[in-house]
């Protein structure tokens, strides 16, 4: 057996201790790009703590999924605190802010959510008749005044009534860019791009993604060019099967590079997503492109994610 | 930043604190309808504790999945106690009672399971040559005498040898109603309706469910009309992919309303199921029907789940 | 209610306490066959502890999935210790040893991984240009000298460049047997057979598996005959949907019996896999063969897994 080397018991990155180089991250926390957002779907708080203890440095924003508000005040408070302790922005699900709008309680609910400790809020319109853009800009400003980091949202889960699409699979680029711009000008820090829209437009599995690479992905690229890629948080639904989620996360990294902002990841898959960002994870269905691109290129290619 | 409001650190429902109205539940625990049963597939006990701490008020019955009995006495005892502490009825998987029947140890095993703390037991016949109905009625009575809440089961996982079906997708309504009635008359509190049977009969995905809406779902409705909806616990397999599980849970709520009894949910999805019951969860594949029906109707429609 | 029997609070097997017989295991730990290997994909350490507390006696080897090395030294050490405490061999993901090869640091990295507490190591070549067999044999010997239990690997995730296959679905039996033999002769304890290769060759769902039963499965059987079944650890990817994983685990048990070595299981499914090994778990898609074969045959058939 080898003579025992002193192994530190600290937060040194394990790979540094091993003297192994991997594709690096451009920024550490707090980041302005390469953001990972997780939708907390309700694992126990101790479970969350354990995940953050291991991989908290890769998590920037968490959304406490709407059904979590079906629990108690005590529970929600403890959950929010678990994330704040790890310097993660904590946002409530967007749904109840829409309920609040319906029930004319936006101001009060925003204040009370702030009292809970939430420091990030989403301005979206998933289900309600979409308010005028003016009203949304106003809501963004009100939230900023309350001390929130505000994330807007563009696009809707269901194509029916989504004015940012010309058809289920086709973006209206001008309307889309207009909404992004308006939200950002009103003070939004970043803007989510709705995930169910994206999977319709970009495809949801390798065959679809490749088939739509020349159409949907090109539209998405054009929007990103006009809006600024770093302003967009691309949602990839955490409710889809794991395979589909990975295919799209991989495709976003392949298209936009490791510094793409990805939203709606699952907390138990932070390391998985991080490995996809670093090009060290196998993704099937895209031929050799998914075959550990960073490792395969021996780190000798500058834009290895295109290899 | 807003001035700090005192946030209570107690079991006040978070939504009440926010002064937000959502679709209410008809009954709190102990419930006689709107029951949720979870099949515990073996998460760590601390994980179970954490889930119950958050959402225990939505859980009525748990079944400790058969493979869990492959662990130690100490472990099973602690697991049972974790649920009892949260006023959840605890039942062992039905399989080993069938093994006990084969090995002529039913009486002894029932007694020892009771000593473990189990206070609910299932009388089913998943695999064994189905005993006569008389024998099952007798077993129900014996279990009731031992202090158990007894849940019967109608239907079998595999169509081969299932006398409650005329074909894989077709129920024999008379035989089915007869078995429900017999079990209830013998003292069963509720009766599970086998989930793999139901997904064959009602469909397993949106296309199938819609295609069988006029046939399978109508048969299920007719059985429920004759037996009494509240007497039936509809199983939706926790071993199927999450999507399929959600589609069927949604369809049961849409068909029978939020007070339908749903069995075999997964413990990590209690909040998810609760949100489906409340009409505040998006379900894809059913057009606008799955588009947050309670929110979308603005709570102004009495039977919003049909909207 | 029954009079209370004294229930021990110890590690007695729950089924023994119930006096229920189930299909037994041939060997307890440490095993030489019937091995279960889990790929730890990053659950919190407390979660791992809880799973091992319940089902640790069914786990023989764990691989800490490569992305886990993206966490801190402190975290990796604690994770390794959690498994060692339960007498589980702990191996790092194979990827970083390949990175080390690329970066000419194999010797150093092997030593440092040993210092972390890892006591098992995999010699594979997933992505790198495959080194000569001589180099791999040398690496096996070096690892053995450092005190490692060494597990080799045959086959590659991507067919492109995999010399053990004649086509995506066809094994080159001679080359395959040659690689197994070489690795074993060099000192490997066992050898993984790559899971993505196996699902191509044996099929990935019931239709495929049955269609390839006379071709792919026969090839796998022939390799096992020449190499010795107990020397092979059959991988079933823990990244595939749960259904596909279960279908293949079932098929391996059906083909090779309960003492087949199965790798890449998920830690939350140890009890599930154990139940499949014991013939007490329903598997759909294979007709009656998946219908609880041990129970169904009443334990009266010697090779019940073929029933």
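A few comments on the model shown:
Going in written order, the chains are labelled A, B and C, and every chain counts its residues from 1.
Quick note on the criterion: a contact is a pair of C-beta atoms (placed from the backbone, for glycine too) under 8 Å apart; a residue touches a chain by one contact, two chains touch by 3 or more.
Quick caveat, the model's predicted, so the values are computed rather than measured.
Taken pairwise by the contact criterion, the protein chains are fully connected, each one touching every other. The two copies, subunit A and subunit B, are related by a rotation of 120°, based on C-alpha atoms and rounded to the nearest 5. Averaging Cα coordinates per chain places subunit A and subunit C 34 Å apart.
Residue positions of subunit B touching 2 or more other chains: 46-47, 241.
Those residues of subunit B that touch subunit A in the complex are listed here as 1-2, 4-5, 7-15, 17-22, 46-47, 49-51, 53-55, 58, 241-243, 268, 270-272, 274-275, 278, 280-282, 284, 287-288, 291-292, 295-296, 298. Within the complex formed with subunit A, the subunit C residues making contact are 41-47, 65-77, 95-96, 98-100, 102-103, 105, 108-109, 111-116, 126-128, 146-147, 157-158, 160, 196, 239-241.
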